[in-house]
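In the two complexes that follow, chain A is the common piece, with chain B as its partner first and chain C second.
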Partner chain A sequence: MRNAIRIGLLLAPGVGLVLAFMGAVLYRAVAQAFGLYDFSGTSDGLSLAHWQDVLTTKRFWRAFQWSAYIAASSAVIAVALAYPIALWLRKPFRGSLILSAMLKAPLLVPGLVAAFLLVNVISYHGFVNEFLVWAGVWAEPRRMQNDSNGFAIIGLQVWKQMPFAFLLLSGAVQAIPDPVLNAAQDLGAGKFARFRKIILPLTTKAMQAALVLIFIGAAGDFSFQTVAGPPSVNSMASYMASLQGSEGDWNGAAVVAVMLMALSLFGAIGLTALVQLITRTLGRLA
Partner chain B sequence: MLRKLMTTTLACALMAGPAIAYDLTEMSWDEIVDEAKAEGELTWYVWYFQPEFRQAVKPFEEQYGIIVNIPDVSSGDDALNKVLAEAGRETGDIDIIALGGQAGNRIDVEAVFLGPILPLLPEADRLSDEAEGVNWQGYGVKYWGNQTGMAYDANRVDPETLPQTLADLEAWIEANPYQLGFNYENGGSGPSFIHNVARNVLGITPDSVVDEVPDLVSVYDWFNSREDKFGITASNADSLTRLNSGEFLIVPAWEDMLFGLIRKNEVGDHIEFYIPEWGMNGGGNVIAIPKNAPRKAAALLFAAWLTSAETQTALNGVFGSAPANTAADDSNALVPNDQRANSRVWSAPLSDRDVVPGFIENVVQD
Partner chain C sequence: MARLVAEDIAVRFGTFEALRGVDLTAESGSFVTLLGPSGCGKTTLLNVIAGFLQPSRGRLAVDGKDITALPPEARDSAMCFQSYALFPHLSVADNIAFGPRQKRVARDETVRRVDGLVRQLGLVDHAGKLPNALSGGQQQRVALARALAVAPGLVLFDEPLSNLDAKLRDQVRNEIRALQRDVGFTAIYVTHDQAEALALSDMVCLMNKGVIEQKGAPRDIYFRPRTRFVADFIGAANLHRGKLCGGAMSTPLGVLHCCHEDGEDVEICWRPEAARLGGDLSGTVKAVAFQGAHVDVFVSAGPETVRLQVPGELNVSIGDTLQFSVPPEGVIALEASANA
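Let's look at the complex of A and B:
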């Protein structure tokens, strides 16, 4: 008992601060969403009116679906690209160190810089359009900026997040001992069998972590959406900013914030479960 | 360590001093000027053209020896939120603030601002406390007039063929698909266009009396039936950037913003501007002094200087803004004076706030 108290006291400065800061933010967001706190006016007391106002708009649900689509696509594509590269670079070879460093370069470039660069390159009279018109591929420039499918945002997310997935996955694949893979090969396991029966189960946790972290980051995206996203649809974060900025609706923005946290939580749980399911299914295949 | 902390806290408390106790209404203008000079500096919250305003206020600084601090403020709403957030403090950070005219509808001006300040200004009879259809009751004074209109690429559009009426616009869009672009948020030029198209579709003229918001389905139908013939842009600036790059032929824009961008060579001078007969909204910004401003005399002197005929003429030359002082010269504007007759008010008849949210929900999200 005394030991437990001592450990608790020793942990209190760190854990307590984390809990206090997280708790304060969560409390503010949730309280504001339920009308218990109003930044720019007098609180009306506990109310579901703000939820009703926000959740009955098409704009909110389009933003919700859009953020889920962008986050899930970005996470899956980034991990799908990082996996083979991590496997390829598992054993060092001439130039692998430079290649590995170059793959991590996007971590050093702020996302906003990349977004502006991309928009410049693909704009109506940007490099891509000018080049393709000059080369005679297109008769006239095409509108690629702020595409309605969100390909530019997904591309930016993958570019920015893939090195992160690569870092997590390369650590996991490098930790697999060679004798294990050699033994499997000696027992007749082919490349695909080794991948699904040894590599995949042993790297599942890293893959789940990569998927979840990328999903949460991309679901809360503001800058890519604002610069390169289609103006006719919002991400959850840009919708929050719009509600507060254009309409001064702090309570509505708080409702969106709570729903964004819910999307992050349930999206993360969903992706984790999906990876588990796929790993088990592949493992059971003959 | 603790002693140092206590000493610093005490020093800060003493330096902050008590709230200023003088009453501007009881002072002569000379006394106000002397007090302002003694205060020595002021902080002006203005959310746009900050680098340009830092240059534009230099004559004031040189004339009175009072430094004008213009901090970076991201938007008018952010500035307003700061005023509201610190309204409970005895002494705030803001001496004088610029606000859009319609902000007066969203706050209790008597509770938040010092005043009425309009009667205290030497050129009060040439000034107004009305902006964007909102009466600021003397607590805010208009210092900036601005106008939305249509910017067009004069290299590719003959001014004679520019659409003037709703029927012209319909024909123009048919003849020039996807050559019109406009924003629905992040700036008021697109919302002004949406608002005035709605008024025309509904047959609302400036003299109409609208007691309740009419059914807007015909407005949504007007836009939805042409949704593949116009482009939605991200903001005021995005509209002008894409017009300048040749992607569009015509976009809604703010006169002062376009003036500034042409001046800085961000937009070519082939981009010209007109106010169509179907009407586009004109607006105005006011300045107001928070009740808890730390340097009220300096703020009032600055308000007097900013709204003076001389400064208003200079602002028209630098920014293309419409002067708010009747004695000022507006010959640098982008449009001839007769087009100002096409200017409309944001709030009536039928406020833009009654139209634009429905447009977003039923046209943009449809």
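Let's look at the complex of A and C:
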């Protein structure tokens, strides 16, 4: 008991501060969602009315689905691309260091700059259209920007987040000793069996971490959506900004914020469980 | 059981030749040891046999079938790694069952093999544990059981005892030999420990700088070393170089007799235990090390120092003059090494 108190006291300055700041933000968002602290000055006390207002609009649910779709797709594609690259670069070879450094370069480019560059490339008079028209492949430029499927946003998210997944996965993949993989091969496991039965289970934690962190980051995206997203749909973040900015609805924006946090939490739990299930199922296959 | 034939195996890493035309035959059910100092190419040869390395030249055959180009997973061999290389996320039983499952052995047969090996290797109480909950000796047994579970014709051992303490090493060494005799697999065993090689093997291949310097039964290797390297690496050896005339060589210790052809520049050797007290050879005792059953005595004359192994009861002191002899049959003439 005395030890527990001592440990608690030792951790208090660090963990306590983090918890206090997180708690303050969380409390503020939740309280606002229930009608408190309306900065427009019309606070009507504790109420569920703002939840009813927001959750009954189609616009909100469209934004919710959109953010979930963008986040899940980006996370899965980024991890799926990072895995083979991490495996390929597991053993050093001539040029692998430069390649590895280049793959991490997107981490240094701010998201808004990346989105702006992409627009330069895919806009109506962007590089791609200009080149294809010049080459005679297309008779006239085609509209690629702000596509309704969100491919541009997913592409941007993958480009930006894949290096992060690569960092996590390459660390985990490199931590598997060569003799362990050699032993599996020696006992009859081919490439795919080694991946399913050895590499995947031993890197599950890193994969889960990559998926969860990318999902949370992509679910809260504002800049990619604003620059390259379709005008007909909001992401949760852009919807929240629009509620608060254009409509002055602080409490409604707080409801969206709480729902965004819920999406991040349950999305992360769902992805973690899905990875566990897939790893087990693949491991059980002969 | 499998008969392995390796012919003219060469491996090159850039400009470095790790193996230079190695020939090796391991008869069915035999225990062959690849022995040598670090960097001599023994693990490289084992990796070539396992299929982890492709030779730049040469041919490998098991029971007459060419396996040179086969990947490791398609070969009838299993390896026990120096680091055990157990799968950390699988239980002991699942580790052992991994091979049979990969080779699509029937479920009942897999269970039977796992149960049998778990019992045979004393792992019954540990079958459900993860490898990190086991001691080094237990992990080594799991690695051995995992290799044997695929019922391979050939079991390859890469210094499997080097991470164990001396007592456990002796115990596991005896277990490996007993198991090899019981099950009857052909074993290729890599070690740099000469005592291990002599105790375990039917045939020892002593490697040096990418070639097999000498191969043969442990007794042959020990009592009839062909080169200076072999004589020096296996056990202790006293070496003299000089003119051999009428079966005698003059040394600072006196005249040594041996049963070999005369020559101008001949190198001869004799083992410390071949020395007998009393005789024509003599020198000054420079150091004495009591070993219980015997005493190691280091005797010098002129620039040469030799080591004698004499009965433990002998009471000599540093500075004494010691007279001894070496019977001619204990003196061996050496060939020039190809790697000299």
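Note that in this section the second predicted complex is superposed on the first by the 285 of 286 C-alpha atoms of A that agree within 3 Å, B and C clash if a C-alpha of one lies under 4 Å from a C-alpha of the other, contacts with A are read in each partner's own complex, and residues count from 1 in each chain.
As a convention for this text, contacts are C-beta pairs under 8 Å (C-beta built on N, C-alpha and C of every residue); 3 or more make two chains touch, one makes a residue touch a chain.
Because the structure is a prediction, the values reported are computed rather than measured.
Visitor: Clash or fit: what happens to chain B and chain C when chain A is overlaid?
Guide: fit
Visitor: In the superposed arrangement, does A:Ser232 touch chain B (first), chain C (second), both or neither?
Guide: The first partner, chain B, only.
Visitor: Could you say whether A:Arg59 touches chain B, chain C, both of them, or neither, answering first, second, both or neither?
Guide: So A:Arg59 only meets chain B here.
Visitor: In the overlay, answer first, second, both or neither for which of chain B and chain C A:Ile278 touches.
Guide: A:Ile278 sits against neither chain B nor chain C.
Visitor: May I ask you to decide whether A:Ser123 touches chain B, chain C, both, or neither, giving the answer as first, second, both or neither?
Guide: first
Visitor: Between chain B and chain C, whom does A:Ala184 touch in the aligned arrangement: first, second, both, or neither?
Guide: Only chain C is touched by A:Ala184; chain B is not.
Visitor: Report the partner of chain A that touches more of its residues: chain B or chain C.
Guide: After superposing on chain A, more of chain A is contacted by B.
Visitor: A:Gly248 contacts which: chain B (first), chain C (second), both, neither?
Guide: The answer is first: A:Gly248 touches chain B but not chain C.
Visitor: Just how close are chain B and chain C at their nearest CA atoms in the overlay, in Å?
Guide: 49
Visitor: In the complex formed with chain B, which residues of chain A make contact?
Guide: 39-40, 57-59, 62, 123-125, 141, 143, 146, 226, 230-233, 242, 244-248
Visitor: What part of chain A is in contact with chain C in the complex they form?
Guide: Against chain C, the touching part of chain A is residues 177, 179-180, 182-190, 193, 197-198, 201-202, 286.
Visitor: Would you pull the chain B residues touching chain A in the complex into a rising list?
Guide: For chain B paired with chain A, touching residues are 75, 77, 81, 84-85, 106, 183-186, 231-234, 238, 242, 245-247, 357, 360-361, 364-366.
Visitor: For chain C, which residues count as touching chain A in their complex?
Guide: For chain C paired with chain A, touching residues are 50-52, 71-73, 77-79, 81-83, 85-89, 98-99, 101-104, 146-147, 150.
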